[in-house]
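Scroll down for the structure; my scribbles are underneath it.
Each chain gets a letter, A, B, C and D, in the order it is written, and its residues are counted from 1.
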Amino acid sequence: MTIYSFFIFDRHCNCIYNREFTQTSAAGVNNGLINKNNTSHSSKLLFGIIYSLKSLSAKLISENELTSFTLGQSFRFHFWESVTSYKFVVVTGYDVDDMQQVLVRLHQYFVDCVASNGLTPVEFKWSANGEKLDNVGYSVICNNSFVEETDQYLQSLSIY
Amino acid sequence: MSEDIILPSATSLSKLTIHDTSKTGFGYNPAIGPISNSITSETSSILINKRTITLSSAPSIYERNITNKKPVEINLSSLSFLFCEIVNWTHGQSRGIHDLEMKLNKLGYSIGQRYLELIKLRDGIKLNKRDLKIIDILHFIHGSFWKSIFGKHANELEKSQDVPNEYMIIENMPLLAKFINIPKDYADLNCGAFVAGIIEGALDSAGFYVNVTAHSVPMDGFPLRTVFLMKFDQSCLIRESIH
Amino acid sequence: MSSYYLAIIGTRDNPIYELEFASFKNTTILSSPSTPNTPPPIPGKARFAPNVKELLPFIANSSLDLIEDAQFTSNQLNLGKIDTFYGISINAFITPGNIKFVLCYDGNVKEENSIRSFFNEINELYVKTLLNPFYAVNDAIISPEFDLKVKQLARKYL
Amino acid sequence: MSRKAVGDDIWKNNVEKINSELFTLTYGSVVAQLCRDFNNNYHEVNNQLDKMGYNIGLRLIEEFLAKTGVRRCQTFKETSEVISKLGFKIFLNIQPTIENWSADGKSCSLILPEPNPLTEFVELPITADDKIAKELWYSQILCGVLRGALQMVQLDCDVQFVKDVLRGDDRTELRLKLNKILKDEVPAGED
């Protein structure tokens, strides 16, 4: 059982947070990558798959929300979306079952550290070179307390 | 503008000219002087017969009870959201962090002027006194003033060991800083500048000319601990040595 | 029956409000035999002699020195009677924010308690004025509502 | 539990509260400063307050949803109920009444109680020219907050004041109009 990565997409389809964990025996600070692959092909692909699956599941079974899906025998993608269209995705080993509570908890960190903190942006308009755009702030979450607290939380889980 | 920087008092938003005469017979016009509102036979009869008259269709602050009304509460988040937006907006208007802090100080200043009079008024006629010594007014600021605004007393009040005109009020858990995580491009901004302005406005009004700055000095368990450093004008010290 | 001049003076010695009035009390008793040509006096209207009237702002202003002396020696808001000048008595009051209320009046010794109550209530009116975000310290108080309230207090207490 | 009861309950047990006066004076200080900065051009002041409110709305909605657990509303009537009984209650401790529904059910009025935490202590200055009473919407920030918050839940709305007791009107009335329900944005290159 493993947690591989954690993504947040905003309502403009941008990957505003991307955290990839490198599994080492010494779980702790700064293992892995933070916001390195937000614009990567695989990030975009992931969003595309989620987008399609979400539409599909809404068409097939109304009242049912997409929660997770597996790819082959190695990965399970866990999905939760806020009413405000922030999409939270955690990628784990395929043997991890339900992560809904974890995703809701991650959203709470987002509320406390990002949304409630008026000096960090919540509108993440995309700029290709990662530059700050007028009045819209940075394109990714680069708020230390959010990074620290979510890292700490995810790494404290038994499935990590 | 230069005057604003020395004494951050606001310019007037409403002015009357010599041509403005009151239709109701009430209202003072400084351009005309006491003739503008002298008692006429109409106003006299209104006053004598205790007639109620309506001067404006808008509700009047003068009809409200401000001294012993039940305190109304709102969500701390609302203030926090508002305050952050003030900082963001002010940031856009400022040339650098120092300028931003000055502007926040100025906004707080006018609030401090108001709070001083309001809180003293609420002490009631018997207890409402003017403070004559620096130490007395500081006890007031650290105590009932702080409590009225922030719901608790400030944590400490200290006098500088080395500099005779310096005092410090220390707050371990500043209310407004709670949700604010200063991003990198705000450098060493201290949002306490706003509260420093409130203190400065109150002290200046009370006749204790002072410069107040906010400094974050974290301690174990109190990452947001803030020291408000007050440097009093020499004239205050001279006055104390005379009286 | 005496006449009064009230001045509220800002922190830069600038008048922010003024009012001339006379006691509203005993107005009926005073119906002195006036000639048919002169209208009866308006109750509450100040009857300072013209030469005194001109001097009132200056009298109020010159009392500021005395008030400032008291400012950091007395912790009371109400300073009581601080001076007399050519038969004009002067009472004063300082708010915690150092706004001064000066009341000049002719005639005899006044009921100090009435003046104190008058001042205290004006102080409350002043604080209400100050709480309005569109009012700044040292602005003239032009609100008709304020003027009305002050006059009502004058009628009530003096 | 009724919506009102839910709002009251969250307000009572799940909100960190402060004395409203600091908020009132802070907001007043900002409005007065804007009037000076924009040289009494009140249209610009309204715009700026609206913008600030919009930015607040974008964030406030997150805290709101996290605190209330509200999911998507089925009708705009339901949305307006949530705004009044939960939103206003939790953030400003007031509950505006909703009335004046349009026939199509897409616009309604919120009547704010007076005084409220924004306008307590406020009187518009009366001078010879009463421009301020004709042009300034003192509480305009609320329009921005609602607009921003609603946009985040995919409701594109117009929000504006139509009456304000500060201007001498009989009540303070805010008009809410639903323009359209926004669709999920589609990633670039996907159709």
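A few notes on this one:
One rule holds in what follows: a residue touches a chain if its C-beta (ideal position, glycine included) is under 8 Å from a C-beta of that chain, and two chains touch if they have at least 3 such contacts.
The structure presented is a predicted model; accordingly, all values stated were derived computationally and were not measured.
The most distant chain from chain A, with centres taken as the mean of CA atoms, is C.
The innermost chain, defined by the distance from its C-alpha mean to the mean of all protein C-alpha atoms, is B. Rounded to whole angstrom units, the spacing between the C-alpha centres of chain B and chain C is 27.
Rounded to whole angstrom, the centroid-to-centroid distance between chain A and chain B, based on C-alpha atoms, equals 44 Å.
Residue positions 10-11, 13-14, 16, 56, 60-61, 64, 66, 77, 81, 83, 85, 88, 110, 114 of chain B are each in touch with at least two other chains. Shown for chain A are the residues that touch two or more other chains, namely 116, 118.
Multi-chain contact residues, meaning those touching two or more other chains, occur in chain C at positions 128, 131-134, 136, 142-145. Chain contacts in this assembly follow no simple pattern; the graph is neither a line, a ring, a star nor complete. Two chains count as a pair here when they touch; such pairs are A-B, A-D, B-C, B-D, C-D.
Those residues of chain A whose C-beta lies close enough to touch chain B in the complex are 113, 116-120, 132, 142-145. Contacts from chain B toward chain D in the complex involve residues 10-11, 13-17, 19-20, 56-61, 64, 66, 71-79, 81-83, 85-86, 88-89, 93, 106-108, 110-111, 114-115, 148-151, 175.
Contacts from chain D toward chain A in the complex involve residues 56, 58-59, 61-63, 65-66, 70-72, 152-154, 184-188, 190.
Taken together, the chain B residues at the contact with chain A in this complex read 77, 80-81, 83-85, 87-88, 179-186. Per the touch definition, chain C reaches chain B in the complex via residues 5, 11, 15-22, 24, 27, 42-46, 56-57, 71-77, 94-98, 120, 123-134, 136-149, 151-152, 154-155.
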